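Each of the next two complexes has chain A plus one more chain, namely chain B in the first and chain C in the second.
After this line comes the complex of A and B, so read on.
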C-alpha cells in the first residue's frame, strides 16, 4: 500500500462508522418521510399507496392549521424574547461585574439545572402555577381575599415553562460573547466622551450580537417544534403545530399528513435560520 | 452610588436563580409531603419513596434509561472520537461537507427527526419481514447515538484543535514508535475531550424524551417516556420522588465533574 492509499483507508475507517450511523438514522429517515408526505395512504394500511399532493394541500386549504402554526411561531418569539430580556442582563452582570469565586459559583448554579431532566422541570411548574399552587398561595398570603389565581393550562404557563427551560442557553451564549469583549474597549468609549448607555449601544451590544443570535437560534428551533411542554402546561389551550404532528403519528395514525406537517415545520425552521445566518456570519467571522 | 448598583446587580442575579430553582425546590418539597393531592400544610413523610420502591414499571423504565445511556455513551464516544481524529489530523476532499452534515441532527427539531425515524424504521423492518422490530430499545439506542454523535465530534474536535498535529510529528521525528506516539502524546491530548464528550453523550441520552417517545412500543419505556405517561394519566407524588432522585444525582455528578475539571485543567496547564 502506498502512503496515500493508507491515509485514505485511515480516513474511511475513522469516519465510516459515525457517518454510516448518521445516514441510517437521520438522512435516510428524512428522505423516507419526505417520500411519505407525498403518499395518500399510511404505511400502516396494507394497501398500495399512490402519489398525491393532498397532504400539503390540506395544510394550505384548511384554516385549521394556520392558528396552530401562528401560535407555534409566536411561542418561539415570546420565549426567545423573555430569555433575552432576563438572560442578557444576567450574562452581562456575570461577565463584567462579578469576579472571582462568586462568578464561578453563580455560573455553575445557572448551568446546573440544564443537567436535570427537561420533562421533570416542566412538570414541576404545574405545582407552582396551579390554583392552590405556590404562586396562588403567595398572592393569597399577601393580599387576603384576592381572587384565586390559576395560571396552569394557559398561554402564559407555556411561555413561563419554556422560558425557564431555555434560559440557561441564552445566558451561556451571551456570557461567552460578552466575556470576549476587552474591557479597554469600553473604557476607550467612556474616555472619548460617550455616555455609559452610548458605549453599551455602540460597543458592547454589537460585539455581543453573535451570542444573542446563536442563543436565539438554539432556543427558537426547539420551541417551535415543542409539543410536550404545551401539552403539560397549556392543556387544551394553545395547541401547537408540534402537538398536531404528534397526534397524527400517535392518535389518528395519519402518517402521511404528519410527515407533510413535519416538513412544513422544517421549512419554517430553515427560513428562520436563513434570516439569522447573515447576522452570525457578519459578526462572528470564523467563530 | 457604585455600592447601590452592585447591590442591585447581586439582587437581580439572586432573582434569576430563584426563578431557575423555584420549581425544582417545589417539586422536591412535594416528594417529601404526605398528601397525595399536593395539599399543604407540609407534612414530612417518605411514603412516596416507599411507593416508588415498589413501582416496578417506573424502576424498569429507569433501568432501561440507564442501560441505553451507557450503551449510547460507549458507541457515540468511540465513533465520534474516531471521526474527530480524522477531521483533526487529516486534510481530505469532502471534509467540509462531512462537517456540515453534523448540523442537521442538532438544528432539526427532535419532533421531526423522531417521526422520520419512526417512518424509516417501520418501512425497513417491514421490508425485512419483522415489522415488530421498528420500535423498541434497539431503535431508541439507534436514535440516541445519532443525536449524540455531533456533540462528541464537536467537543473532541475542539480539544484536538488546541493541540496541533506537529506535537505528534515531533514525537515521531524524535524516534518514538507509532504506539509510543499514540500512548504518550495522542491519548493525553485527547483524554479530557473524550471524558467531556462521554458526559455529554450520557446526558443527551438520559434526558432524551422526544425520540424515545416515538420509538417506544407499548410496554417498553424509558424513564422520561414513563414519566410523561404518568403525568398525562394524572399526577402522583411518586413522580416527584423519582424526579427528585434524578435531579439530585445528576446535579451531584455535575458538581463533582466541575471540581474534577478545574483541577484537571490546572494540572494540564502546569505541565
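After this line comes the complex of A and C, so read on.
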C-alpha cells in the first residue's frame, strides 16, 4: 500500500460516517421538504397531491409577504450590527487584555446564557422590560418622577432580546480570530510608527475579519427566521416572515406553503451572502 | 489564510444548520411511525389516551380510581395542536383508544377515517348529557356518533373590574376610542376572524364578507396594546396593566380571578361570542375499544367532574347531572346563564381553504398593526 492510498483510506473512513449521517439527516428530509413545497396539498391528506407552483406564487401575489420579508431582513441587520458593536470589543479585551483566571471566569459568564432554555431567557426579558419591570423601577428609583419606561412589545425589545441571545456567537468567533493574531504583528506596526488606531485598522481588523464574518453569518441567518422572540417581546410590532411560516405548520396545516416560504427565505439568505461575500473576501484578502 | 477559510466554513456551516431546521420538521413526519412496533403488545390491560397535557384525563388521583374500578392502566400521549393530533392519528393507526377532539375537529377526524363510531349504549351517563352538545351534528357523521361531548367553554370578553365599574355590554367596547392602547386580542387567526365576523353581524364560522371582517379588525389598530398567546402571558400582562379589556377564555378568566386574585370580570357581549366544546372519541381500530368506552364513561361521570372542577379547575361539563352536582360559585353562575349560552356561536369545522384565508387575513391585519 502506498502512502497516498493509505491517506485516502484514512480520509474515507474518518469522514465517511459523518457525511453519511449528514446526507441522511439533512439532505433527505430537506429534499422531502423541497418536494413538498411543489405540491398542492400535504401528503398526509388521503387525496392525491399534484404538482403546483402556487405556493411560490403566493409569496409574490399576496401583498403582505414583502413587508414581512423586509422587516425580517432589517431585524437581521440590526441584531448583527449590535452583536458586532458589543461583541467585538468584548472579544478584543478577552483575547488581548485579560489573562488567566479572569479570562475563564468571564468566558463562563458569556457562555452561561447558552445553558438556559431560550424560552426562559426571553420570558425573563419580559419581566425586565415591561412597565413596573426592572428597568422601569431602577430608572424611577434614580430619577423620581421620570416618565415610565415600557419597552415591552416594541421593536427595540425584539432587538434587545435577540442581541442577548446571539451575542455569544459573535464574541466566541471574534475571540478565536483575535487570539490567533500574533502580538508581535501589532508591536511591529507600532514600532514602525503607526498609531494604535492605524495598527488596529490595518492589522488587527483585517486579520480578525473571518471571525466577524462567521459570527455575522451565525447570527444573521437564524435571526431573519426567528418567530418566537418577535412574538413574545414585540407584541404587535414584531411581525416577521418566520412567524408566518410557523403559522403554516401549526395553524393552517399548510405544510407545502410553509416549506415554500422557508425555501424562499433560504434563497434570500443565499442571495445576501452572495452579494456580500466577494466584497468581504476582498477586504480580507488585503491583509 | 487559515483564518479566512475558517470564516468561510462558519458561513457555510450555518446554512446547513438552517437546512437542518427545515429538515427536522420533515423528520417529524417520519418519526410518528416508530411507536407502532409495540402497539398491540400491552393492549389488554391499558387504555391509550391522546390529549393536551394536563387536561383532565391525566389527573393521577383519577387514574388510580379508574384503575381500582376497572383494572385498566391509562397511558398518555400528548399533542400541542389539533393538526398534530390529526397527524398522530394518521401516522399511528390502531394505536390510540381515546382521543380528545375539539368540536371543530371531530368531523375532520371522522372524515379522514381515523376515529370509529361509538356504541353509546355502553356509556351509562350518556342520557345525562346536555342535548345541546350531545346531539350536535359536529359529533356525528352518516347517522353514527363519533364523539361524546365532554366539556365546553366560552371565548368572550375579559375585563378589569377596576377600570369598568359595570360589565361592558357590547362587543363594540373594544373599538371605543377612549380605550386607545388598552385592548388585547389573542394572536390567533381563527379567533380574530370569528370576533370580526360577530362584530359585523355575520356567521362566525363562515363569514360571507371577509373584506368587512378585515376592515373591522384593522379599525382596532389604535386600541391594540398587545396580542397574547398564553394564559400565563395574559395574567402577567393584565397584572402589569398592559391592557384593560381583552378577548379571553371563560375557564382562564375564572382561574385568573380565583387562583391569582386578579380583578377580572368575564362577560358574553350582546352581539354574541364564541363557544367551543371538546368531545371524547375512539380511535379507528382501537386496541382496547371496550376499555375506551369505560374510560369515556368515567370522564363524564359527575363524581370525577366535580372533583376535577373544584380541586383543579376545569371547563364546564357537558353533563347536566355534573353541573347540578357542582357547589354554588362563579363558574356555576357563568355556565348556567342560559340567555348567554343562547348568544354563543359554536366553532364548526373549517375547510383548508377557509383556514388559509383566515390565516392570510390575520397576517395582513397584523402587518398593518406592526406598521
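Basically, the second predicted complex is superposed on the first by the 243 of 287 C-alpha atoms of A that agree within 3 Å, B and C clash if a C-alpha of one lies under 4 Å from a C-alpha of the other, contacts with A are read in each partner's own complex, and residues count from 1 in each chain.
Heads up, the rule we're going with is that a residue touches a chain if its C-beta (ideal position, glycine included) is under 8 Å from a C-beta of that chain, and two chains touch if they have at least 3 such contacts.
Owing to the predicted nature of the structure, the values given are computational and were not obtained by experimental measurement.
With chain A as the common reference for superposition, the partners chain B and chain C occupy clashing space.
When the shared chain is aligned, chain B and chain C each come close enough to touch A:222. In the superposition on chain A, contact is made by A:242 with chain B only, not with chain C.
Using the contact criterion defined above for the overlaid structures, shared-chain residue A:131 touches chain C, although it does not reach chain B.
Using the contact criterion defined above for the overlaid structures, shared-chain residue A:142 touches neither chain B nor chain C, since it reaches no partner. By the touch criterion defined above, A:192 reaches neither chain B nor chain C. When the shared chain is aligned, chain B comes close enough to touch A:93, but chain C does not.
When both complexes are overlaid on chain A, the residue A:213 reaches chain C alone and has no touch with chain B. Legend: residue contacts after superposition of the two complexes on their common chain; A:121 is shown touching chain B, with no touch to chain C.
Contacts of A:41 after superposition on the shared chain: chain C is touched, whereas chain B is not.
The single stretch of chain C with clashing C-alpha atoms against chain B, selected from 4-12, 76-84 or 166-174, is 76-84. Looking at chain A, you'll find residues 22, 25-30, 32-33, 36, 126, 132-133, 217, 221-222, 225, 231-232, 249-250, 259, 262-263, 266, 269, 273 touch chain B in one structure and chain C in the other. Residues of chain A that touch chain B in their complex: 7-8, 10-11, 13-15, 17-19, 21-22, 24-30, 32-33, 36, 43, 86, 89-90, 93-94, 97-98, 106, 108-110, 112-113, 115-121, 123-128, 132-134, 137, 164, 167-168, 171, 217, 221-222, 224-228, 231-232, 242, 245-246, 249-250, 255, 258-259, 262-263, 265-266, 269, 273. The touching residues of chain B, counted against chain A in their complex, run 6, 9-10, 12-13, 16-17, 19-24, 26-27, 30, 38-40, 78-80, 82-83, 85-87, 90, 92, 98, 101-102, 104-105, 107-113, 115-123, 126, 142-143, 145-146, 149, 153, 203, 206-207, 209-210, 213-214, 223-224, 227-228, 231-232, 235, 239, 243, 246-247, 250-251, 253-255, 258. The touching residues of chain A, when paired with chain C in their complex, are 22, 25-30, 32-33, 36, 41, 44-46, 62-64, 67-68, 71, 126, 130-133, 152-153, 173, 176-177, 180, 207-215, 217-218, 221-222, 225, 231-232, 235-239, 244, 247-254, 257, 259, 262-263, 266, 269-270, 273, 277, 281, 284-285. The touching residues of chain C, when paired with chain A in their complex, are 2-11, 13-27, 29, 81, 83, 86-87, 90-91, 112-113, 187-190, 224-227, 229, 233, 236-237, 240-242, 352, 355-356, 359-360, 363-364, 366-367, 369-371.
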